[in-house]
Every structure is written in C-alpha cells, then in structure tokens.
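See the structures that follow.
In the two complexes that follow, subunit A is the common piece, with subunit B as its partner first and subunit C second.
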Partner chain A sequence: MRIILFLLRKEFLQVFRNKSMLPLIFMVPIIQLIILVNAATFEMKSIRIFIIDNDMSSSSRSLISKISGSPFYKIVNTGFSYKQAMDEMHKGKTDAILNIPPDFEKKLFKENTGKIQLVINAINGTSAGLISAYTNTIINDFNRKIIIDASQNIAVNASLIKSLNINYSFWYNPELNYKTFMVPGVLVLLVTLIGFVLSSMNVVREKEIGTIEQINVTPIKKYQFIIGKLFPIWIIGLFELAFGLAIGKLLFNIPMVGSLPLLFFVASLYLIVVLGMGMFVSTLVETQQQAMLISFFLLMIFILMSGLFTSIESMPDWAQYIVKANPIAYFIKIIRLILLKGAGIMEIKKDIIILVLFGISMMSFAIIRYRKTS
Partner chain B sequence: MNIFKGFVIKEFIHIFRDYRTMVILFGIPLVQLLLFGFVIKSEIKDADIAIYDQAKDNHSKRITNKLLSSGYFRLDKDLDNYDGIHQAFREGKVKLVIIFEQNFSEKLEKTGNANVQILADASEPNTANLLVSYSNAILSSYIKDLNSTSKMPYNIITEIRMEYNPELKSVYMFVPGIMALLLMLISAMMTSISITKEKEMGTMEVLLASPIKPFVITAGKVVPYIFLSIINVLIILSISYYVFDVPIKGSLFLLVSVCILFILTALSLGILISTVTNSQQVAMMISLVALMLPSILLSGFIFPIENMPIVLQYLCQLMPPRWFIEIIRNIMLKGVSFSFIWKETCVLFIMMIVFNLLSIKKFKIRLE
Partner chain C sequence: MQSGKSIIIENISKHYGSVKALENINFSVDNGEMFGLIGPDGAGKTSLIRILTSLLLPTSGNAIVNGYDIVKDYKKIRKTIGYMPGKFSLYYDLTVEENLNFFATVFGTTIKENYDLIKDIYSQIEPFKDRQAGKLSGGMKQKLALSCAMIHKPDVLFLDEPTTGVDAVSRKEFWLMLKKIKNKGITIFVSTPYMDEAELCDRVALIQDGTILTVDTPVNVVKSFDNPLYSIYSDNIYYLLKDLRALSATKSVFAFGQSVHITFNNGTNIEDVNKYLKDTGHSNSNTKIITPCIEDCFMQLMSVKS
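Then we have the complex of A and B:
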C-alpha cells in the first residue's frame, strides 16, 4: 500500500509539473463542447432555394409565399430559366430548386393534377433527405388547403371521406433541440479521449525516455505499477466529466433528469474500461508516435460506430452486432438514458454488468501483456 | 544533390523501419472507406417500436400489419397500459410508441374520424423526426386506400430529383472528407512529429552543425511524406471508384493536381508546427486540436457549414480542408472545369505561401 502511495505521488507530481497538461485539462472540454456541439448539427435552419416560376398564377404565387414565409427557407434567387438555376447549384450557391412549369394552375384545376419539380443537391444525403421532407410537408399543406377551399364550392360529400387525426408528440426533447442530443454524447467523447490518450501515452513515454527500466529493476509489483499509473488519470477523467457537465448546464442548459451520483458511478466503471484499453495499447507499442496513431485509429472506429453522430438503428445487422462490442456505445446509451430520461439503476443494470465485464477483461489483458523483462 | 538524395533515403529507411506506423497509415483509409461505405447510412430500417392497441379491432390490426411489414419498424412489445410507455422508453430500446384509441374501427366507420397517437423518443431528434414521418406516411396511405372509391380532386404531384447522388449514398459525401483528413494526418501531423522527434532526440543539433542547409534538411524530411500521401490518394480514389461506384466526372489530371497542391499546403502547415514546438507531445496536441478537429468538424465533411452559427462559419473559412473538400466534390461529383474552382484553388495556394513564409521566419538554426 505504501508503495502505491509513493507511486501515486510521483505520478501526480509529473502530471502537474507538465505545463502543457493543465491547459489541456481545461481547454479541451471547453473547445469540444462549444465547437462540437455547435458545429455538429443537422438542424436545418436556412435551406437555400432557387425558385423558377414559369406559371405566374395566383396558385404558384401563394405556394411561393408559403415557402418564403417559412423560417426554414431562404430564397436565394428567382428566375425563369432552368439552366440558370442549375448553374447556381453547380456553383454551390443553392441547395434546392423548385421548378413550377407553365400551365401548373390550369392543369391543376382542369385535369385535377398539377406537376411541380423539386431538384435537391444530394451530395450530403442526410441533408437532402431532410430538405425533401420539409418541402414535401409545405407542399402537402398547401395542397390540402386548396382542396378544402375548393370543396366548399363544389359539393363533395364530406362524410364519405374518412380521415385519421394523427397526433404526435416528441418525448424527452419536445423542441427537437439538437444540442440536448449532442451534449451528453460529447461528454462521453471527452472522457474517452482524455482517458485513452493519457493512458496510452504515459507508459510509452517512460519507455522512450528509458526510465521504465529503472522501474522494472525495482521490487514494485506489476499491479502496483499499473494502479499507480492509472489512478491519477482516472481522477482526471472524473474531474473532466464534472467540469463538462457544469459547462453543459451553464451554456446549453441541458436537462439532467436522472441521478448524478448514478452517472458518476457508471462513469467510474467506464473509465476503468477506457484506461485498460489505453494501457493495453501502450504495452503493444514502442514509441509515442505509434501509440498516438493506434489510439487515433481505434478511437475513430469506436466513435463512428457508437451512435454519437448517426443512429445505430440505421446500420446493417452485422454492424449492429459489432456495436455490441463497443464500450463507447454503451456509455453513450447510458448517459442519455440517465440525463434525458431519468432512468434508474434497475433500467440500466444489464448495460452496467456488460461494462464491468469489459473492465475486468481489459485490465487483465493489460496486466498480462505488460512485462517487466524485455 | 547527392547529399539531398542520401538524406531522403535516410528518411525512407526511418519510415519503413517502423512497420506498425506504416500498417496504420495505409489501414486508416481502408477502414474508414469501408465504414462509411457499408455502415453509416442515413436511412433507418427495423426501428424497435411498441404498440398500445386499446381497440384490437379490424382497422387497428390492419394498420399495425401495414406498419410492421413496411420494413421500417419491428415490434418490440405490445403494451397494455399507459404507464408501460415510460418504462419502455427508459429501457432505451423502443424508439416509437403508437396508440390506437378504444373503438377505433367503429369510430372510423361511423363518424369517419378516429384518433391515433404517435409518441417518439426525441432524445435522438433526427431519428425521432424520420420515424414520425415514416409512420405518418404509412397511416396516410392506409387512409388514402380506404378512400380510393371517392376520388380526391386537385392533386399536386411533386417530382423530386436528387441531383449528383440519386441513391443518397453516404460514400459520395465522405470520400472527399476522408482524403482531406488523411492528407492532413500524413502530411501535417507526421511531418511535424518527425521533425520534433529529431529535436527531442538531440539529432537535430548534429544536422544543423553539418554543412547541409536547413532548407535541404526540411525538404529531405518532406519528400517521403509527399510520396506516401500520393499513394494513399490513389488507393482511396481507386477503392471509391471501383468498390463504391463513386463517379469521377471531372478531369483526373485536375483532381490529382489539386490533391498535390493540398498535400503541399498541409506539409507547409506541418513544418510551421514543427518550428514552433520542441516536443513530440506538444506537436501531437497541436496537430490533434488544430488539425483533426477542424478537418472533421469545420470543413463541411459531415456537417453542412451553412447550419452552423455565423462565428463558426467564419472560422471554417480559415481551414484549408474546407476549400479542398469543396474543390474535390465539385470535380468528382459535379464534373466542373477549372474556371469554376479557381477561387478555391487560389485560397489554398495563398494559404500555402503564408505558412511557408511564417516557417521561414520562425525557423531557428541555433539552439536556445
């Protein structure tokens, strides 16, 4: 026990002596939360649209005024030529083109169907899907209004037409605020990055400088060494989470429905998994450069397959099985459950058990793999 | 010239000796492309839903069938009371709950009007939005079929065309981004680390004391990475072209020249970073914070720049990858000629010159 205490003192001294550490500990969470949360958004605020109105009728004008009245659209230009519109899209100046052909109104009322064309720049598939959904909703509303107006004139037997009242509500985030969705995920990212990078670099640094040999010749046991190395990082990780939560609350006012002690309990288990992985990586490599590249490579896969940016449901089945082996995915799920929905320990006990199993296996890998003799 | 050749050979040996790094440098583009090509999709399939059917009659059962056979939804559980909804959401699996009111069919047949409630778990807002619009569309089409006997007047038909990417494949968007990310990683980060490593180990002193000019030392460091970067670009382009059918509509020559321009810009940035730092760790941190984060987030790689707050939009303009990604998308997917992209190319060129001037100013040939 005394040996561990001395090791801890040494590690803490080293962490705080390093001048680049302190800015790192405080700056990274602020940068990540402010930039990531604001930049990583699929919220559509101003869809740039080019409108070609070759009909110039009262219907086409009222459709256009519906679009210009919506807060989601910005009409960049109007014109009569399809070629001019496509040119604008080519130059990247517009996201969508609404093309109303001549005789739109005439055909709508005489032949019962009027056609309009919507061209969307689909290089970003997700945005394109959302633009098409928004625009369709506006056009459908407009259509319904025309039918209602018309049915007052001609005698359509209203009782023959059946209809459903579809009433939908969004739980836990009624305003569909993207930030409420992102902040908990970014907190996980924060804890993971700090924990993983610090633990994977730490031992390698001693290897590179050569001081690891001095430790290896002392009677310090393997587990004592590893605890001494990881405990300070574990504390830093939990501190980062607290700091990040405070920023999230102050800047973005994210909801915190569930219990914070439970969150920190799960986070402390999760950090053991992350630190174990980092430690394992550091036993595999010789230089800091390698450690960093491997961390970067692994983290990239873990993060992209964690459901942080894209939902897990949209992955193919085989990928969803792989996700089951991704600890980040579990913690993201848990933190969203606790913070946004107020889940208690009973609802997440299965995920906690899985995290504990991950932690035990990662730590054993690291301890087995770390050798005092070279 | 001979000295230069010898120096480049030394660098190559350094790089190839470290096989782990090599494996990763070439593994990253492969794995990323495969991930984005096969895993990351914007469409949702088989989302878990729960149904609370208070009516359990003809229409409600038929609607349930229609929902479940659409391919978008999978039934996770049938609920029999209102409190179960909260529980189901909290377990985290169910994303959508659909509630049919009592006597659903009777109301629909007699009064022509019945109520359905859709509750979505909006802790993931985009998923919630998509699932609600899917279920909405299915319910509407069911009602439309019921009404098919009485003809609806005045239909507006919207014909939607997805320009440049008709199947909404996510690879189309990611290929330019991955190229930018990777070139940044290899060119800027690896160069800056390999120069600072020389400083950290003390071998930089030896080099500076030798008759080799600082320019030759730096150039010698940089040449192998140009070579690696170009190979990586070719790998990415051929995988995306042959495996994922991403088109290359514009001229290949223009594409490769722009890539080389970007590689040079990134290398200049790497040299600049190495002149202002002395340790590998600091170089790495600067690279991670100043290069990786912006090239993933502030470049329009995944998230459209137009949706960001104004301050961030201005910040984006300062990022080299933002211009590179735009040029690559224009050439590959839109097939534009140079006259369309000369402005973006100029921006990259100016950035490269600025980085170089700064590094020349900062370069120290003496130790502190």
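Then we have the complex of A and C:
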C-alpha cells in the first residue's frame, strides 16, 4: 500500500509537471463541447431548393408559398426547365428540386390526384433523409388543406377530417433539442479520449525512456505498478467528466434528470474498461508513436460505431453485433438514460453488468500482457 | 553468503532466435570483489547483466546471485541488488532529489537511512537537487544514476557500461568512486568496452561473441601473454601493417593507436625485421620491445579463438 502511494505521488508529480497536461485537461472539454455540440447537429437550416413550376396555377403557388414561408427552405431559383434545375444541382447550387408538372391543378381537381416530383441530392445520405422528411411534412400539410377545401365544396363533414390531424410529442427531449442529445455523447467521447490516450502512452513512455528497466529491478509488484500508473488517469477522467458536465450545464443548460452519483459510479466503471484497453495497447507496442497510431485507429472505430453520430438501429445487422462489443456505445446509452430520462440503477443494471465484464476482461488482458520478466 | 561467492554462473546460454548472444558461460564472482566484464560492443555483456539482474530469462543454464536462483527467487534478488543500466533511465521530469527519494521509498528505505553510503557521490550533485534530471550534464546524470542504484544498500551492484560516452576525467573519477563503494563491502559487477579500465578491477572476464575467453586477475591475464611484444612506429601505418602481414615471421599484428603491436614466431631475429622494413621503404620506422597490456592479451586471445 505504501509503495502504491509513492508511485501515485510520482505519477501526479509527472502529470502536473508536463507542460501540455494542464491546458489539455481544461481546454479539451471546453473546445470539444463548444465545437462538436454546435457543429455536429442534424437540424437542417436553409435547405436550398430549386422550384420548377410549369403549372402556374393557384394550387402550385399555394404550395410554393408554403415552402418559401418555412424557415428551413431557401428558394435559390425558379424556372420551367428540368434540365436547368439539374444543371444547378450538378454544380452543387441546390440541394433539392421540386418539379410541378403543367396540369397539376387540373388533375388535382378532375382526377382527385395530383403528381409532383421531388429530386434530392443524396450525396450526404443523412441530410437527404432529413430534406425528404421535411418536404413531405409540408406537402402533407398542403394536401390536407386541399382536402379540407375540397370537402367543403362537396359538403363532406370537415370536422371528421380535421380530427385526423397528428401531433407529435417527443418524450425526454420535448423540443427535440439537438444539443441536449449531443452533450452527453460528447462528454463520453471526452472521457474516452483522455483515458485511452493517456493510458496507452503511459507504460510505453517508461519503456521508451528505459525507466521500466530500473523499475523492474525494484521489488515493485505488477499490480502496484499498474495501479500506480492508472489511478491518476482514472482521477483525471472523472474530473474531466465533472468539468464537462459543469460546462454543459452552464453553456447548453442540459437537463440532469437522473442521479449524478449514479452517473459517476457508472463512469468510474467505464473508465476501468477504457484504461484497461489503453494499458493493453501500451503493453503491445514499443514506442509512443506506435501507441498513438493504434489508439487513433481503435478510437476512430469505437467512436464512429458508438451511436453518437449515426443511430445504431439503422446499421446493418452485422454492424449491430460489432456495436455490442463497443463499450463507448454502452456508456453513451447509459449517460443519456441517466441525464435525459432519469433512469435509476435498476433500469441500467444490464448495461452496467456488461461494462463490469468488459472491465474485468480488459484489465486481465492488460495485466497478463504486462510482464516484469521477458 | 554461501561459499563466499556473490555470483555463480553455470552454463548460461541465451539465444535470440538463431542468434547466439551467450554460449555456455561459466564463472563466479567472490564476495566484495570488483569484477570486470570486458569485451567489445555486441559481445553479450548487456545480455549477461540483464540475466543476472533477473530482467531476462536465460535460454538454458542457471545462475545464483547472492545465494538466490535468478529464475525462481527473482523477487528476492531484486531486493538485494542495485542495477545501473547502460542507458540513463531515471525520470527526466523529476528532480534529482525526487528521483532519489522515489527509488529509496520503493525499496522501503529513506535517503537519510543510507546517506552515508552515497554521501561521496551524492554530495557532488546535491547542490542541483532541485534540478530536473533531464537537465543534468552527462557526468551528473551518471552520479545520480549510481546514487539511485545504491540507495537501498545493495549487496551486489551491477553496472552496465557506466563509463561509455563519459569524458576521460569523469571516467577516472567514476572508478575512484567505485573503489570507495567496493571498500564498503559491496560486490561490484561492471561491464565495459574500455580495456584500460580492466586493470582497475580485481578480476576480469574477457568476453567475445558470447563466449568467455578467460577469467583471471588483470596481472595474470597480462602474464599469460608469452611472446615478446614489439611496438613499431612508422609514418604510414597502413602500408606498415600490410608489409608486416606479408612477412612470414609475423605471428600476430594489429594497429594500436599511432603504432602497430606485433609478435613474431620463435627464433625471429628483430634485426632482420628492421632490415625488411628499411627495404620496404619504411625509413622512419622505430621498433621497441614493450610490456603487453590487457588489450594486447585480448587481441591475442581473439586471434587464437578464430
């Protein structure tokens, strides 16, 4: 126990003597939260749309005014030629084309069905999906209005149709505020990044300088050395989470419905998984550069497949199986459940057990790999 | 200590794949002895020291350090030895005092407790105790490393090429420090590529290509050199060496600084050699008989082996 204390003292001395360390600890959370949360949003603003109106009727004008009245759209141009519209899209000047054919209104009233064409630039699949969803909402809205107008003409009970109006209500995030959704995820990234990078560089640094030789001829035991190495990073990781939460509350006013002690309890377990992985990388490699490259590669996969930027449910089956082995995904899920939904320990116990199993296996791998005698 | 031996090495071999770093090493080191492991770079010195300090497992064979088996009792060995690796391996970002304090505490002792032991060395760097180790000069780093290796009062001190890359004055100073440490009853096992340092040891082992050529006192090693040794100087060492190698009477010849050291087959008349040199155009040559040093013995043993 005494030896561990001395090791800890040494590690903390080194951490705080490292000139890049303190700025890293304080600046990374601020910058990550401000940039990522604001930038990585799926809300669409000013969708550029090209409108071809070959009908020039009151119905088509009414549809167009609905679009131009929406804050999400910006009509870049109107014209009569589909070719001209496609040219604009090729040049990247418009995101979508709404094509209203010549006898739109005539067909609408005579045949009770009018056809319009919506062409969306789907180079970015996510935004294409959103444009499609937004535009459909507007067209549906327009559709309902026509039916109501028409039904008044032919004396059908209008109130019946009106009652079919669907209103959405989003639970746990009523305003569908993207920031509320992003901040907890970015906090997980932060804790993961700091924990993984620091722990993967730590042991290998001693290898590189050669101090591990000197340590190895001392009576320090494996577990003491590992605890001495990882405990400070564990503390830094938890501190980062607290600091990040404070910034999230101050800048984005994120909700904290659930219990913070529970969140920190899960975070402390999660950090053991991350530190175990980092330590494992550290024992595999010989230089800090190799450690950096491997952690970069692993973090990239873990983060992109964590469900933060793309929804896990929309991944193919095989990818969903891979996500099951991604600790980041579990922690993102848990932190959202706790902060936004106020989940208690019983609701997340399954995920906690999985994290504990991850932690035990990663730590065992790391300790087995780290040998005092080669 | 059992049978008065600090280190007993029995048939130690170490292979790295097909490379044989050490082959059947056998020798022992007495208690309180200053033992030198002398050999060129790549001879296997570091491998042997790493095996004896329990950092490396031998491929075969065994060794006893301080009465403990290096494989089975490695934990006990680590408490009783001090090790100073060839490369400076203390924490660059800790100060002199913090480094020393750290190594003292991991061995369960304090600087105060063993201050007497390291006083001679540590007092020289104590004025800089608040300086970070990475910012020390080479000689000071070495003194700090030695202090750290000794802070827990080891019975055996292993030093791997402690004087490599150190200037001549500091080298001399360093060996004086080692003498003092030895006088405190600590067994010292030191490796070095410098032949002149061999003479400062009680006994030396000459190692080459993973095998031990000889183990003896420096005096006896020199005595074993049986042929008279000549030193020949000439303006052009390259041609001198070439011409002497062509001479049938030459037994061994090698360059030694500004001159060549040479031995001849029995019954060679040195006047004939001088005449031969005049004839081959070495008008300025100067031949004299000298007493061999360790390096001469090493070169001879090496040539015998090959």
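Here is the rule we go by: the second predicted complex is superposed on the first by the 358 of 374 C-alpha atoms of A that agree within 3 Å, B and C clash if a C-alpha of one lies under 4 Å from a C-alpha of the other, contacts with A are read in each partner's own complex, and residues count from 1 in each chain.
Just so we're on the same page, contacts are C-beta pairs under 8 Å (C-beta built on N, C-alpha and C of every residue); 3 or more make two chains touch, one makes a residue touch a chain.
Since this is a predicted model, take the numbers as computed values, not measurements.
*Asks:* Consider subunit A as the common anchor and indicate whether subunit B and subunit C clash or fit when overlaid.
*Replies:* Superposition check on subunit A shows subunit B and subunit C fit without a clash.
*Asks:* Comparing subunit C with subunit B, which touches more residues belonging to subunit A?
*Replies:* Answer, by number of touched residues of subunit A: B.
*Asks:* Mind working out whether A:Gly342 is in touch with subunit B, subunit C, both or neither, as first, second, both or neither?
*Replies:* A:Gly342 sits against subunit B, while subunit C stays out of touch.
*Asks:* On the chain A superposition, what angle, as a multiple of 10 degrees, is formed at subunit A by the C-alpha centres of subunit B and subunit C?
*Replies:* Computed angle, apex subunit A: 80 degrees.
*Asks:* Based on the superposed arrangement, let me know which partner A:Ser58 touches: subunit B (first), subunit C (second), both, or neither?
*Replies:* The answer is neither, since A:Ser58 touches no partner chain.
*Asks:* Please indicate which partner A:Ile220 is in contact with in the superposed arrangement: first for subunit B, second for subunit C, both, or neither.
*Replies:* Second partner only.
*Asks:* I'd like to know which partner A:Val119 touches here: subunit B for first, subunit C for second, both or neither.
*Replies:* In the superposed model, A:Val119 contacts subunit B only, not subunit C.
*Asks:* Contact-wise, after the overlay, does A:Gln14 reach subunit B, subunit C, both or neither (first, second, both, neither)?
*Replies:* second
*Asks:* Measuring by CA atoms in the overlay, how small does the subunit B-subunit C distance get, in Å?
*Replies:* Here the least C-alpha separation of subunit B and subunit C stands at 13 Å.
*Asks:* Under the contact definition given at the top, report the residues of subunit A touching subunit B in one complex and subunit C in the other.
*Replies:* Common to the two interfaces on subunit A: nothing.
*Asks:* Enumerate the contact residues on subunit C facing subunit A in the complex.
*Replies:* 53-57, 74-75, 78-79, 81, 83, 85, 87-94, 98, 102-103, 105-108, 132, 148
*Asks:* Spell out the part of subunit A that touches subunit B in their complex, as residue ranges.
*Replies:* Interface residues on the subunit A side: 20, 24, 27-28, 31-32, 35-36, 38-46, 48, 89-92, 95, 108-109, 112-130, 132-133, 135-136, 139, 142-143, 146-147, 150-151, 154, 156-174, 176-178, 180-181, 201, 205, 285, 287-290, 292-294, 296-297, 300-301, 304-305, 309-311, 313-316, 319, 333, 336-337, 340-343, 347-348.
*Asks:* Would you tell me which residues of subunit B are touching subunit A in their complex?
*Replies:* Touching subunit A: residues 18, 20-21, 24-25, 27-28, 31-32, 35-36, 38-48, 87, 89-92, 95, 108-109, 112-130, 132-133, 136, 139-140, 143, 146-147, 150, 152-166, 168-170, 172-173, 185, 193, 197, 280-282, 284-285, 289, 292-293, 297-298, 302-304, 306-309, 312, 326, 329-330, 333-334, 336, 340 of subunit B.
*Asks:* Help me check something: in the complex, which residues belonging to subunit A touch subunit C?
*Replies:* 2-3, 6-7, 10, 13-14, 17-18, 209-220, 373-374
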